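Each in structure tokens, the structures are laid out below.
The following pair of complexes shares a single chain, subunit A, combined with subunit B in the former and subunit C in the latter.
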Partner chain A sequence: MSYDDHDDHGHHGSWAPIIASLGTMIFLFGFSEANMGITAIGIVVLVWGMFTWWKDDLPFDGSEEMGELEAYGTPFGGMKIRKAGIWLFLMSEVMIFGSFFGAYIRMRSGWNTHWTLRDKAQEAIDTGVAGEGLTDIDSIVHACMTDKHKPLVADCNDATGGLVNETFWITDAGTPAYHHVAAEYITADFWTLLPGAINTFALILSSFTVVLALKAAKNADLEARVRDKKVRNYLAITLLLGTIFLILKLWEWNHLIHDYDFTISTLAGSFFYVTTGAHGIHVFIGLIFITYFIYKAHIGGWDPNNAQSIEYYGLYWHFVDLAWVIIFPAFYLY
Partner chain B sequence: MSKNKIRVFSLLFVVFIALAATPQITSFPTGVGANGNAGCTCHSGGAGTTTIDVVGMPDSFTGGESYELQISISNPAIPGGELTANMGGFRLFASAGTFGAGENFTDLVQELEGGATHTELGNDVRDWVVIWTAPDSEGQIVDFTLHGNAVNGNAVGAGNGNTGDAWSTFEASVPGAAALGGGGALIEQAEPYEVAIAAISFGITLFSLMLVYVFYRNNPEGFNLNGLAAWLKKWLTTTDHKEVGTLYFVYSFLFLFIGMIFSLLFRIQLSVADNDFLTQDQYNSFFTLHGTTMIFLAAMPMIAAFANWIIPLQIGAKDLAFPRINAMGFWVLAFSSILLYGGVMSGEGADISWTMYAPYSSSGGEKGASAGTTLFVAGIVMLGMSSTLSGVNFIATIMAMRAPGVTWMKMPLFTWSAFVANAMLYISLPALIIGTVYLYLDRTIGTVFYTAASGGDPILWAHLFWFFGHPEVYVVIVPAFGIVSEVLATSAKRSIFGYRSMVYALAGIGVLGFVVWGHHMLTSGMDPTLRLIMMLTTMLVAIPTGVKIFNWLATLWGGSLVFKTHTLWSLGFLVTFTMGGISGMFFPVAGLDTHFHDTYFVVAHFHYVLVGGTIFGMFSAIYYWYPKATGRKLDEKLGLLHFVITFIGMNAVFWPMHQLGIEGMPRRYHTYSVDSWTELNSFITLSALIMGAAQFILAWNLIKSYKYGEESGKDPWGGWSLEWTTTSPPPTPSFHEIPTQGDANIDHHAYPESSGGLFSKMWKGSGSK
Partner chain C sequence: MGEHQSGWQKTLHEKTGQDVYFWNFIFLMVFTAIEVGAVYLSLTYGWTVFALVSVGVVKFFGIAAFFMHLWDDERELTYTFAFPFIFVIILFIGIAFTNPEGVIGLPAWCSPDIIGSYTSTSP
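Our next item is the complex of A and B:
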């Protein structure tokens, strides 16, 4: 297990980390200060850092000297280390989306609205004002909400002897304390559901085109020029599908905000926009990378030796896809 | 070469500008455009041609009194439109007090969080009357900022006629009667901030000078700007694990001292009852920054420093798996501190404690967190990014790059502990990242995740934070476990007792750590069933921890101990960490916790485990591995002195806190009125000052020994693992040939091969696979 000595010269520094970090800092600084000028500078510096990173990366030929080492020992023995890294990174992404879902489920299960409601129910029982035949908390709560946690305002008023009247359902800020979720509006008619449905197909299809691109790039039988073209075109289709996804998403947000007044000023709105937005940002980052990949294909940078980068990228892209497949029913349908 | 120079110096220039800009910060408490609707968002040029007059601004205020402020703006160049058209606007902020519209002005002026502005109708005039009601506490200075906008009226109708207008700014500071009285009291008010900032800037300057000096000493003749640029370039762009490790170390050491300055400042405040050395606001932001700095900018980077340096050496890898990602992890961390400290430089430091509890942290204005909080939260998001990057990297390295012979069950315990810690870290971090992103968005674009008034859920924050927070406290202690295991085994000249049980205990702690977070929320009104579960799981943690402690003791028992400085620190660790663990066992009992929660007893507990555990472990590691990194030993005499003062000082500072806590002294309060607490508190403060001063011994030792320390050779302490087989300092990449690791038992001849059976396997040293 020895390495060629000349590999020791392969140790170069890189400007990319410090520039990209500085850009991130300036960006967050500007955004916190609501100063769009500084925010823009931050983005420019960040992009500069990214280009520096890619410039280091362009000559990558998939060889060991360029850092594509193979893992040894359990559990990754034989796998390329970068691939192992991607899997580990995806694990943390799973936790990221897990946190989004955990928080969302906490809201959907009515955890915090229930507390006050149950308090009132108990009070109604204790003071004997509860509706006829309602002797335990659960049946009062049941009379107050549907299974989907939508309030039955009049029924609840009766069930609690007026302790939970219609003002209970409105917060100090004038927004509903219960949660109108996005699905209520989206499933309302075919035209609002359509963009989400198209998006689902677009993403799934784009996962497939990435695989096709990988297959083409790994195909040693093809002539280099033909191969480059094929890779480029498949990647371009992926880019196109991803772009469609984002455009439709923005269109749909716009629709929800303007036609239904469903905004971030309610808890359900905050969850909806931030979760789908975070997913959208993942898509966007994927698209940035794929743009670079297309450029690399365009200049003939891919060959069967270094095509595994497309595979690693594909793992990420599949994950983003998978996350959508869970987000879609949870936020759009139910 | 000159390209380097331009790059290096322009980068440094940007960083310098960022640092210089931080005092200008007044983060918007309510965020981007949240109040833009009818309030004045000044448009067109910020020209000085607009004059603002304010009549009625008092020279000093009396608490609770109302003042009538008559505001008028004029600009001869912009006469304005008709009286029905838009003519002007204003927006007034004050750091304290409340606002209302003046008599006859209720249609024209409206209150706005933390200030006042014109209404839609009030846009049509240029004079307004505002009533400002002073805050009750007179011991402060209130800052007013007023933006006045002269508008030319072309905004009538559709479209934005925001052209051709001009605005300017008026500022005033009004001290309270108490802040003014007693002559010189005003200066005293500002003092702690100035002390802090002066100390920090002085420290950083000194530090930069020191760096330049180090460079100069390397080669006094060849000292010139090009050379300096090249040298700086090396450090700014390095991706070598040892150099990045050194960066981490230097960074964490700097922040260890900065964190210490904050703690000493608020210890002075607490030394006697009813003290007013610090105001409440200052106290709040100082302890916030102290906690955050110590955990995120001192302890964790120091662990990362050793992980960077030692893991590849111990497992026989040439570098980490992803060197560039590793460097990125460091730089994201480095820049996050500018955001974290952004507020404090402007006197508006975040005041939300390291736990950042919502809804206080998510709201702004009079009753909410101070303005610097937004930046602070952004900084925490960056910290999360940094740790994710480095966590993935360490885990990938340990999983995929172990040299022959370094099997899972023969891996040195420091590497094992770093593995467990990083696995916990990167699995729990997403909860914090998402939690802080929610918080950040609440503060900027106006989401309502934690705003109960809009149907949000503040307890969600506590769950997200502690789901991360408890694993986090193990993240900082587990590597110290590993270090102590290495140091004690080496010092006892034998292999560690019960290697396998050590590994299982580590893994057990790693898993259990994820199901105990509720013990921080026992008093938050959670479901009693959940409370019971968390109580039991928390108590379970004591079992693996106990296993480790007994194994360490047994290692000492069977060995022949050599007392080096690093040995002393590890022995000190055994004593203080055990005491911290024992005080920890009081809390999970929900009934007791109801009394102890948020008292100084908790402060005593976590300082025993964090200072007596993590920091002692880190100091042990410094003395142990310094020769590996530099080729020279640290001075043992200075080391002994450092240890004795710190060990005694640490106990003197934190032991009395147990008693104060039991007596009910609350934590996070800026002062107390119980005179009988003064005695212990002033003793604590005095001890803290002594202990703080002792840390300069270490700093001096590090600097001095770099040049004059005794040469150490490859293996000064008789260590067994692979890092001792390479030269000190190691080459780059760290091994020319990938080495093969032996067996600790055989190398140390400590244990004959024992026969099977689970029990004897558990008791054996490093097991053979």
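Our next item is the complex of A and C:
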């Protein structure tokens, strides 16, 4: 296929993604500058781009004439352009989350955390320097912190025979050496862990329902009305699960902030809220798109020859699940 | 989707009545339960990290290979997805595991003032 061949096609794609990207750029610029006017303009342009996008997409029937072009040349020759495009987009997403993890691992490897405290407690028991009557890790940790995880520096020094002294908590330079990470609070209390655990199951289940929606849309044996209903229902379940995910996340953040004073003002809090927040924004964006997809299913817009968009959306949604597979153990359990 | 099924996937479907996506979903749920359970087993630090990383790798593979179809799709897509991980690995080796000043000791030209406002002095 050559450039000349493209002129024969009735559809050359849409300006909408470019408008939406421009809106996003204006929005983020205004947001970072705390300028509500520019932020609002960005949102308006973004919404305009999204509606243009969907208006262009509604009559789309999956044919090449309607814009489902194939790539040519290396390395994506013969593939659908949109499919190659979503994978290139996911490349950039890997870099975004890779940066979060790189920074987080760097900081974690230099911090004293609840794990370090437990190791020191074990060392105190093994070397026989633990305080009188303190024979297990939990009792030593209990002597080192209040129920609200506030350090008891002097008591901890006695309980560990000096292994956990003042420099364990604060460096000589006066900067924090010990950091309360989210996992310290989350793993100490089943009810604090529960929202994150439910969210993990919900996201995996939602990945599966997207797969089921795609299978239903591609099933040529089904009557059109039944197929539309199945696709709509599976997508609606995905929307419901994603909504539950966000509600539980906000509830969990509220719990961590108000009950444990774990806020974004600390380094550990900053890493936790920025990373899980960035992931939450991805979920939110996914829910906006799937709402449109449900509407399109409701009006019978998907069929076996036109289900590619669900597949491409699924790639994005599975990536969001993939990122959570790393975030959950790294930030909630470790 | 279904039309991409390879030999063993067809056999799995015929033997169990369910396709690879269903079983992948079941495995992911089971491994998530193991992941959460590992934290309450009072394992040592090393074993806990080993358990979390192992389960994470298995789940990552399950989602990427089957839900994202990389197992059956063109190899170019796998290479595309794998390519940025080269930079992530360089980032991990060059900064995360080896450069203690890599995050908080950035040179002035890449440390705008706004970053300073987020550094904390409270543990």
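Details
As a convention for this text, the second predicted complex is superposed on the first by the 219 of 334 C-alpha atoms of A that agree within 3 Å, B and C clash if a C-alpha of one lies under 4 Å from a C-alpha of the other, contacts with A are read in each partner's own complex, and residues count from 1 in each chain.
Following the convention adopted for this analysis, a residue touches a chain if its C-beta (ideal position, glycine included) is under 8 Å from a C-beta of that chain, and two chains touch if they have at least 3 such contacts.
Since the model is a prediction, treat every value here as computed from it, not as a measurement.
When the two complexes are overlaid on their common chain A, residue A:24 makes contact with subunit B while staying clear of subunit C. After overlaying the two complexes on the shared chain, residue contacts for A:34 are found with subunit B alone; subunit C is out of touch.
Touch criterion met: A:85 reaches subunit B, while subunit C stays clear of it. In the superposition on chain A, A:15 contacts subunit B only, with no contact to subunit C.
Of the two partner chains, subunit B and subunit C are each touched by A:267. By the touch criterion defined above, A:53 lies against subunit B but remains apart from subunit C after alignment on the C-alpha atoms of chain A.
Contact with both subunit B and subunit C is seen for A:106 once the two complexes are overlaid on the shared chain. Of the two partner chains placed by the overlay, only subunit C lies in contact with A:193; subunit B stays clear of it. Within the superposed three-chain model, A:73 lies in touch with subunit B and out of touch with subunit C [touch as defined at top]. In the three-chain superposition model, subunit A touches both subunit B and subunit C at residues 75-76, 79, 84, 88, 91-92, 95, 98-99, 102-103, 106-107, 175-179, 264-267, 270.
Against subunit C, in their complex, subunit A makes its touches with residues 75-76, 79, 83-84, 87-88, 90-92, 94-95, 98-99, 101-103, 105-107, 109-110, 115, 118-119, 151, 169-170, 174-180, 187, 193, 197, 200-201, 204-205, 207-208, 211-212, 214-215, 218, 264-267, 270, 311, 314-315, 318-319, 321-322, 325-326, 328-330, 333-334. Across the interface of their complex, subunit A is touched by residues 1-2, 21-22, 25, 28-29, 32, 35-36, 38-39, 45, 48-49, 52-53, 55-56, 59-60, 63-64, 67-68, 74, 76-77, 79-81, 83-85, 87-88, 91-92, 95-97, 99-100, 102-104, 118-123 of subunit C.
Of all the residues in subunit A, the ones that touch subunit B in their complex are 1-3, 5, 7-8, 11-22, 24-26, 28-29, 31-34, 45, 53, 56, 67, 69, 71-76, 79, 81-82, 84-85, 88-89, 91-93, 95-96, 98-100, 102-103, 106-107, 111-113, 171-173, 175-179, 264-267, 269-271, 273-274, 278.
Those residues of subunit B that touch subunit A in the shared complex are 7, 11, 14-15, 18, 25, 27-28, 31-33, 233-234, 236-240, 318, 321-324, 327-328, 330-332, 334-336, 338-339, 342, 374-375, 378-379, 381-382, 385, 388, 391-393, 395-396, 399-404, 406-408, 426-431, 433-435, 437-438, 440-441, 444-449, 451-457, 459-460, 463-464, 732-733, 736-738.
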